[in-house]
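Labels run A, B and C following the written order; every chain starts at residue 1.
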Amino acid sequence: MKFTKFLALVVSVFLLLAGCSNGSSSGPEKTEDGKIKISFINGFTGGDGAYMKKITKAFNASQDKYVVTELQEKDHYTKFKSGNYDLVVIHGNNLETYKQDGLIQDIGPVIEKAGIKESDFHQAGLDIAKLEGGMYAVPLDIHPLTMFYNKDLIAEAPKTYEDLKSLNTKLQAQSEDLYALGVPSSGLVEFYMLMIAAQNGVDLKDGEKLNFAQDKYADALMQFHDMVWEDKVSPPKLGLDGEFQTFMKEAKEGKAYQTAVALTGPWFYGAAKEKYADKLGVAPIPQIGSELASYGNAHTIALSAKVEDEKVKEGIAEYLKFMFTPENLINWADGGQAPVHLATLEKIEAEQEKYQIAYQNSKQFENYVSPPQVYQFGEQIRYMNETVFSKLVTTENFTKKDLMKELEKATKLAEQVAATAPKK
Amino acid sequence: MFFRMEVKMYKGASHKIWSILMVSPFVVFFLLFWALPLGLGVWISLHNWNVSSGNLGFVSLENYKSILTPGTLYYDLFMKGLKNTLYFVVISVPPLVLISLGLALVIDNLPKRFKPIYRTIFFISYSISVTAVSAIFLWLFNGNGGYFNNVLESIGIIREPINWLGEQPYAWLTILITTVWWTIGFNMMLFINALDEVDVALYEAADLDGAGAFSKFISVTWPQIRNVAFFIIIMTVIASFNLYGQTKLITGGGPEQSTNSLIMNIQTSVFGMNQLGIGSAMAIIMGLIMMVIIVFQYWLSYRNKE
Amino acid sequence: MKKSTRKSLPILIVATIIAFLFLLPLVWMVFTSFKTLSESMASSSILPSAWTMENYLSVFSSVSEAPILRWLFNTAFITAVGTVLVVIVDILAAYSLARLKVPGKKMIMGMVFAALAIPGIVTLFPAFYMFKTAGLLDTYVPLILPYTASTMGVFLMYNFLISFPKDLEEAAYIDGATQWQILYHVIFPSIKPVAMTLGVITFLGIYNDFLWPSLVTNSNDMKTITLGIATLIQGANFVNPAKMMASTVIATIPAIIVFLIANKYIVKSVTNTGIK
């Protein structure tokens, strides 16, 4: 009986605590000196974080009505879902999910207030940010699969798969530890799989789900298997981020494979530049499939569904207006990202040497294919990312039939994930 | 007289108040941070609870049903995680217990002045956080040009580099080596102390009987440290069941999801798929499975004592 | 003496080889932290070919992204307060349960046993939601208090006290000592080794916890060192291994120092845990 009393006490204390903290949601949050607070959460914990902070800092210094507090967090999606934030960076492939979950709202009215027009952005960015029923985010950048090459090993960027093959023959003649490029078994494999879909004209979106079990897609994917086991343009059994790590190795010790080319993410640019300096070449990816197309993810800035206060919205409009000017957004290109904001792109083109990576990637916007807009894209493709691709490139005797079986399983799982979507 | 005094000492009215006062902080904390969350967890597991959109209503045992129905997404996730975790428990508990016992015996047989140094060295890795440990082993076991591969190649054990993190059974071996290196010190310490307690006279008696080292261990040492050993086994099983940091940070669950532990998969269902109800139900089933295993172990060790 | 050393030479050699294997990863960590970025990625020899302090400098200069000292402080604070709290709460409870015949003892002991077998993951998410509802996320509260619900300490301490003779307490009682005096002068000194053991177990448990702190902290400034290092490892996309090893060294050194100081207590204390 003592315990029921204890329990009653404990529960009431707890409810009291809970009650206290909930009662304070009237009007926008303000700082002590009367500025309206705007919270902005993103996942820029790598090298690019400092450049976004620079923009935010400049904004806060520029005026006295609003203050933006920016939080950079590795697990920023989890934090966003469980916390209260006004602005959030959402990857292009996640936008549809957040829209369907009702976590973000149409940002159209806010950008209108900011004087930002659709025509200010490259079409590739608009393709990502415009969902059924409106503009759900401001497109910030696209980070496509990028090609790095080592000018010591190859004078000019390869443009086709044939180029890669002949490069490989040449390198293998020099040393058997030298290869044209590396195919990783985990890490960037989602980029690889969607790039090859884009380059073979395969559309994975099938209604609400991703349909991987397409004959044409199986053929396209088998090329990665053949790159490792048939044409042997890649060393076998590379692990996580193998495409980049192998590019950074030195084969001369006879202890490691080295590659001349890396099809990898632009975020590795800083490290590659530090190692190779002027010997580092950057270029759009070569044509590996039947047509030239590029793929990659994108950052967009979305507005939390919880934001209702007009004053906060005005502040957000001010912030976006500030950010989307060439002189401020150029910081983002300085951090290695390729903005889709046209005026900023002009500035980048004018100084292509300084913004090497941003410029090269912006060239890929022309044939960019955006991620399929389906609910829970990441979960739908999880099995492909974590299992199928690895089997494909690490199993020597993997056949198209084996692959098709896996693709069917992946599609079945994707279908079940798609079914968890909230009812409209 | 003495008897009556004892009664008074432990049963007086003021002592009752004392006793309640003393136990209450623990009871309050326990109810607040264990019993209440547990109850809440059970309650959530009976609801269709979405992390993004909140509580979507009572579904009774529906979540449990979909986890236990073959062919569903959640069944795959749970069973795969359970299978991987059980596999790790099976491969990790024997080395974690036996190697720690071996190390303790080595320490026990060292000359006295060397004991503290070696004991500290064997124990020191336990003071390093799981994230730091993972960072180190991630690079040591790198497949292409990693340090470990190079050592093995230069001493001629292997010809081709091993893809430690991307291929089985090597990925499990990597996780196992990491876990042994990281946590063995704690078990070893418990064994060392148990060995210290063994009566020296018993060894001397065994020496007189001309017993060898092995038979001395079986007939003298083992009976004395058996209870500690059972305790260590149970603790190790619990720890191995809770596998999370190493696989999350070193293999990321790969290759081909084969090192996805149950806790990782529960986390995926909650934060990846937003299904808090499903995730809570998975956690509760996992708790029940662990309870059964641990109760069984208690029973085994109790039965052996008879 | 000489003779015994010679006799134990084989075992000394075995111990030395094992010790070498144990120290190797740590040595590798330290040397890698002095390598340049390209060497740390490219080379596989253990010694740097060109030594650089740059990694350490950049760790300390990028404090706004990775405030390592702040993380260390958080960890020190949380582990210290948490450990002391757990030990005190558990001693009081165990004493009350083992000696004072508290009402409801059977029920409490039943809960203690049941809780031992249930994994933390069961209470993880609900506890998170409780702290969220209470508005206590990203404070020290959820980083400290939940550890007090652990029943391991009560279990250990209770077992110890049950097998510990009552004579001293009774003698003190005859001398007219109050309950508090008995606890302070008789029980505490004799329970010290177990309390130390529990302290070490609790300290390491809190220090190494990873999943829970990652849920309940939001800002960079509230992270523990274990969590902070995890952020550096997982990075966003690219992690510089040499710099990461430098941060790991910085994060590890204080723990090792604490450990070496506590070592002599730990050794003595793990005895007599009442497990036997």
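Simple rule for what comes next: a residue touches a chain if its C-beta (ideal position, glycine included) is under 8 Å from a C-beta of that chain, and two chains touch if they have at least 3 such contacts.
The shown structure was predicted, so the numbers you read here are calculated from the model rather than taken from an experiment.
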Most distant chain from subunit B, judged by the mean position of its C-alpha atoms: A
Between B-C and A-C, the pair with more C-beta contacts: B-C
Whole-Å gap between the CA centroids of subunit A and subunit C: 37
Centre-of-Cα separation between subunit C and subunit B, whole angstrom: 15
Of all residues in subunit A, the ones touching two or more other chains: 2-3, 14, 75, 78, 82, 245, 249, 253, 255-256
Residue list for subunit B, restricted to those that touch at least two other chains: 20, 27, 32, 35-36, 145, 150
Junction residues of subunit C - those touching two or more other chains: 42-44, 103, 130, 234
Residues on subunit C engaged by subunit B in the complex (per definition of touch): 4-5, 8, 11-12, 14-15, 18-19, 22-23, 25-26, 28-29, 32, 42-46, 89-90, 92-93, 95-97, 99-103, 108, 111, 114-127, 129-130, 145-146, 148-149, 151, 154, 166, 169-170, 173-174, 179, 204, 207-208, 210-211, 225-227, 229-230, 232-234, 241, 244-245, 248, 251-252, 255-256, 258-260, 263-264, 266-267, 270-271, 273, 275-276
Partner subunit A, residues of subunit C touching it in the complex: 37-38, 41-44, 64-65, 103-104, 107, 128, 130, 132-137, 214-215, 218-220, 231, 234-238, 240
Contact set on subunit B toward subunit C in their complex: 5-6, 9-11, 14-16, 18-20, 22-23, 25-27, 29-30, 32-41, 44, 103, 106-107, 109-111, 114, 116, 118-132, 134-140, 145-147, 149-150, 181, 186, 189-190, 192-194, 196-197, 227-228, 231, 238, 241-242, 244-245, 249, 263, 266-267, 270, 276, 279-280, 283-284, 286-287, 290-291, 294-295
Residue ranges of subunit A touching subunit B (in the complex, touch as defined): 2-3, 6-7, 10-11, 14, 75, 77-78, 81-82, 98, 101-103, 185-186, 235, 237-240, 242, 245-246, 249, 253, 255-257, 376, 378-379, 382-383, 386-387, 390-391, 394, 413, 416-417, 420, 422
Residue ranges of subunit A in contact with subunit C within the complex: 2-3, 14, 17-18, 20-22, 43-50, 53, 71-75, 78-79, 82-83, 245, 248-250, 253, 255-256, 265, 267-268, 270-271, 274-275
